[in-house]
């Protein structure tokens, strides 16, 4: 299998049990998650040699976070230790007409206070077959954006393909700042991943006649978004996930994958949601897996969409699922019959 | 914000975890709830100065009940302490074709054994802007009915608007007894709230051609019910909630609000239910909030229906939700997208 | 009420809490279940004198298993103690597009290593009104198949009706072996129960033009399956349950019941699933109950289908539900309104 | 083994998890317990055919209570169903210098509202080898005292030995009332059991120079108490348990057993307490077991003390322990080494 | 009762369940605590009108923290809302030879980033009978030290007694810095509270010949520490708690209370610890209660020591116990017998 | 740090929560443990590169077991996958006078059915600095004994030191069989570890005048046992752990370490036990760590005893503790004061 490196922030996720609201909780489920960590973990579950690179505090909380990743087979040997805290996000699960709610407490985290000297990319990327990051990472601060730039420049020098999930976060930066910084990083990116809102928020590229708040997504509009992105930045391919939010409990889920020449539209799943966090990340991991294992674009897209549909039936950020299980769904068996 | 007083019984609610049946439970979630307490709590969450009046035993169980209300901002300083026990209701959550099941153990509770001397309504209602009670309260016994009458007479004297939720409980009294007692209280009520069955059960006023057991509710029929009620008792307005029970897990939910002159029909929600108990109470609280904050009838109705749709996605009797969150749903955003 | 004897294996069922995957679980819910035990328990809940016969290890785990059955009213006095272990099955609950997953660890169990001398059927079946077993029991080994044959021969001698649920398990034996062994037992069976796949797997009798993986089941095809079975083995009646698997969370559920002369098709339920394990067993128990209490075929079928629809809303293998509750659903009340 | 009948009240016990105070609890462990039920259950664990007689409400809470007893092998077939509620006691576990705390909510229970006609003692006591009750039972009301008197008169008529645990409860009656009522029952009692305070509270028979609040108990004083009791009421034997309360977490535990001729003093255990409720009941069960299996007084006493020391290391009211395990401790092995 | 104001930081406390280590935890119990909040809460439990003043973020986590205090009767109406986060401390419970472990994550909290303008002390302290703070508060930063100085100057102006618990925290500041800042605040303090190490750490005043790590504490040495403190700062009284740490599970616990003229030495408890956090705070609250209710010094000291011994048998930071319960222990009943 | 290889069986451990008995449990904590796995994990926590070698089934249960080890830093890359099941042991925690209870269900496990061809020791032991196994491994069957012999012969060839913990298990083999098989392995062992009973059970070498059931252990006697062992088998050193079982909750704990020339006796700890399983394994890991890091015998012994005293305060088989934490206790700080 392949060697993949991802870089970014991982946070402690504190979630009330079940469908309790924050005010009702007397305990929090202690989970961990972050865009690039989620991708690395999903790839490790698919059998790859995937390493996640970040900076964690040298205390028991940082150890616990590393252990959780290690448990699921992520290579954690490249993680830098230092800084004073692990970022936190509190996550309350919604249901039906009540949306999920996230409260961030991530300022001052070990990775947000890292410096360029903390990471030796030449060493980190030796033997790598792929590098992945998201738009959250440069949003953590100019220092982290600079580290990300170091990483992808090194990857480019070594001929390592780079994927990026745009992942716009309004709490971290403005659309303007995001647009400027991300535009500077895009030249080093081969495969761009985005959700139905990101391209608009970051680059002002909007799908015409689409009102996402009502769950009606026009595939046609997003083909044009992809085409514009490819034209502007020269990506090898652009994938856009399309979530139709009927309620907090039920979503439509599909995606498109476009190159300069063609566009594939995936099957569409209606998912009864267990935990939607990490859906986009699991899509990215599926796409990378498909690409690295030589699937064609259409097949890789179906694998990625099936992987991320399955993720949304699994608790936590992490897509604890094997490539075989994903392939079975991608091949059409969505009946949910017991596997004995 | 306004000062609201509600009066009635609050019980300890013992619920098996998740979807376990009573016979499977080795522990009970310890919650509290009761019609008027639920209304006060919801109004406190909306930012009002809401006090709940009752009688609680002077022991650790009574303390725990008071603390729970206090936690969510209810003014508990007017609660009388005495009597020997807190009433209990055991509540098993249904799912799909299996209905929820309630076993009452409320006889002999502190409030059911209270006397008129326990409550000084002139003192309790000083500074009040609204008084609310339900049909459960007079059903607890002639002594409690007399206390309720004291309360609403005092409210009338002070010019405080009174709302009443009919809330017929067949375990507490017969339709005949209910009809007689409630008819004596109605002259003091300004705003009447009822569900799709109450008016028939208590006053024999039935919506024509409606078979609620099959989930088909005729709005037209209920307009006539409201008109009859207004005509008979002179209410300023009558609100009727309309539950379409497809199953224990999925319900349609809407309401109408009628005055002598007009009738408003609300939007209809299909709710995937987390906990339906307290749905009617949260509707009442929403209606009172809308009225007290100067919304027109149509807007107040939409606020009330949205509030009570949200309640049914929240565990327990209490509607732990802010006015902002309700307004967002009432304004049309039911997509359930994550709020960050 | 009647005296029913069932015979087979019961296992410890270890399930991750909620929707967690095996790899995420730090604890397992400890449940018990097995086809014939489930039937006996359901019949005990309906008020019958139902005994389950098996062999359990003489240790604390065997005691706990016996206690669990005893708690729900099953007569456990005929259980033989001996052998070295209780079989186990690990069961992970699926959701939406993710199927449930079962890992068996049942080899070498006390019942699988039992011998014919362990069971005195003449004694066990004294006073019995009915005997029930499933196709899992003879699949445990030739020794257990021989014990089962002893049982049904004795039943035949005593004039006790025998029901059998085909219940093919591919992990235990091949279709060929199953076909041969089961064909030897069928002459002693009066009522045969099967799901939509069993007759094909065990006897090669397939419903034409039915693709169960897409959830479209042709009633017509299954009538012919039933007719063929009756013709071949001379059963008094054949019941076939028809599961339409839309997803792991939502299934269609109905059944047919055929005799040599007529075929009844049941109402069809769409069930939002809490736990689908034991669905077939609860159908069997419902059918036996209907027959023993003198319902006609059509009514017995509706009772059985309602019972098994309810089972799928209850956690665990066991159908903890009374005959009254089943009758209410069979009579048409599927609204899920709270029962107070 | 022997057939033992016990009669009295069983309650739902609601306990905060672990060492939480009532005010901190968001759930209660749902246990069941009551003096005579505890004795029956312990005897069933020792292998006897033990039946518990009471009256339980005919609802799901009553069913759950019966099931719990049935699970542990108690014969529940003689339980009468009726009345409106199961009595409750809330029980908060103390630790170290903080005492355990019990809040009773038992008024109006099914057994407290039973009538003499509910119980056919001639039928109930057929085949019985022993009858047991406690002083709590007649304290429930004159009606229940009358039922108890019916029971022991019938037992006397049939020549069935009767044991009684004095078990004074100050919340149920005054010392004066207790003294009068119990004095009327004592003539039918063969074996009296009491703790270090009961004889004083009920009959005013006090051990000289003993200050139980400081944990110093004079064996000599209690021999005299026993002698006085035997003299006054003609018991065959009197057993007195001696608890030395150093703290809520650590107690000394021993007992004496006296007849008209001799007095045996048991070994003394220092127990690190898991749950002390039911300690006296498990002593009674041990003594009955010892007597019924033909142990001499000294050995029966040691068995009873060991049984009750073990009880206090087990959660809940029930002494879930086998006669073998008790015998091992009684024989001197208190090392706590792992049993493999 | 009296009106008491306390001021400082409250944090979210995340604790692994039971005795799990951080690395083993998959969930955290969500508690709240902080020196001055703990004191206010304990005083509210004793029946006083106690308000806690702090700054909390205006989000759901801040709301939950406020609610928790409100639940236990603390007046939270003076809490300022603003800032970006609630401070956190992770707390792992030790056992026997394994010490408890605390990881702080409190930097940047709402209170640590507050400014003097946030608090109007003239308004806050109107009607106050007592003001309390600890040495942790000025350690949060020069801005917070300035706010504390504002508070105690205002208290002095209004003639409100001030108590201070030295509470040295080495993670927040150095002994030198602490000594300088605290010396500037001491002139406004009437009652000083310290543990066996604080005076040494902050002011370099050491008890001669005491080796606290071996659990042998010389009362004589601490009398001299108190005398030196009184001499240097002119306190009305000085109380020093004396913890003898035999292990993480068992501690000796006592205290001395000295004025310029006399010194009282309390009874000494050996406590089997449930949760030792908040022991010092509950002592302070007990002392304030004793003083405000007119106990003499000796009695107030015994009340305070008993209160804090009890605290250590209660989970969490908060001393959920009534004045009656404390008085019972202070009066000598440490037997732990069940209170019914 | 060093590279250590351990080889043996790891099992799923199913434990009732808290102090519940098996019959009371409705869930099991799912833990994993086994002598050699425990040693590898402890060494990984101390910072070593420790690999555990075994055979695990290629299913989700085997994956979960591997993940658990991987989480705590054990190198699991040498684990062979195959066979049909993971062995299980059910473990009920005792308290006070009630002993812990273990029920094994380990027959037919993947490792017990392994063959010599499954393990390439030349490959496995490349770069290894130490090899460790226990007497449980050869007890699993002649095939596994042969594999163990292959391992230690290869180690001898490569000059890798070998340690063995005798660990006699009466459920797996007789003393005679154990004596014969172990005698054949001892020539390859450099460091022998045993508890106070093993040498007697396996080799018939008994400490004179020692009655372990009463918790009085003569150090002198064990020195002679060690001397005899060294004489007979030529070990470089022999360590014997000495457990004084006062009760299931409190044990004395110490050890001796002898070479041909000298004997060191460790400090003795009295441990309040959280979980005593794995105590001996953590001692072994401590001794290996001490030896590999160049401590002298006395210091290594103290480190090992401190490590294993700490283990008994930690839930589960695994000693989740750092070398620093152990050193702090070994250096004398047993006060249990909070570490901030």
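Chains: A, B, C, D, E and F, in written order; residue numbering restarts at 1 for each.
Please note the rule applied: contacts are C-beta pairs under 8 Å (C-beta built on N, C-alpha and C of every residue); 3 or more make two chains touch, one makes a residue touch a chain.
A quick note: this is a predicted structure, and the numbers were derived from the prediction, not measured.
Peer 1: Please report the minimal path length, in steps, between chain D and chain E on the chain touch graph.
Peer 2: Each step joins two touching chains, and the minimum needed here is 1.
Peer 1: Among the chains, which is located farthest from chain D on the basis of C-alpha centroids?
Peer 2: If we average the C-alpha coordinates per chain, A ends up farthest from chain D.
Peer 1: If you tally the C-beta contacts for D-F and for A-F, which one comes out higher?
Peer 2: D-F
Peer 1: Please report how many Å separate the Cα centroid of chain C from that of chain F, as a whole number.
Peer 2: The answer is 45 Å.
Peer 1: In angstrom, rounded to a whole number, how far apart do the mean CA points of chain B and chain F lie?
Peer 2: 62
Peer 1: Chain F: which residues touch two or more other chains?
Peer 2: 18, 21, 23, 26, 67, 72, 101
Peer 1: Which two-chain combinations touch?
Peer 2: A-B, A-C, A-E, A-F, B-C, B-D, B-E, C-D, C-F, D-E, D-F, E-F
Peer 1: Taking the touch rule as given, give the residues of chain F at its contact with chain C in the complex, in rising order.
Peer 2: 14, 17, 21-23, 25-30, 59-61, 63-64, 67, 84-86, 88, 90, 92, 101, 103, 105, 107-108
Peer 1: Touching residues of chain D toward chain C in the complex: what are they?
Peer 2: That would be residues 67-68, 70-73 of chain D.
Peer 1: Show me the residue ranges of chain C that touch chain A in the complex, using the header's touch definition.
Peer 2: 18-21, 23-24, 94-102, 104, 169-171, 212-215, 245-250, 276-277
Peer 1: Would you mind writing out the residues of chain D in touch with chain F in their complex?
Peer 2: 18, 72, 269, 271-274, 306, 309-310, 312-316, 320-321, 325, 329, 333-340
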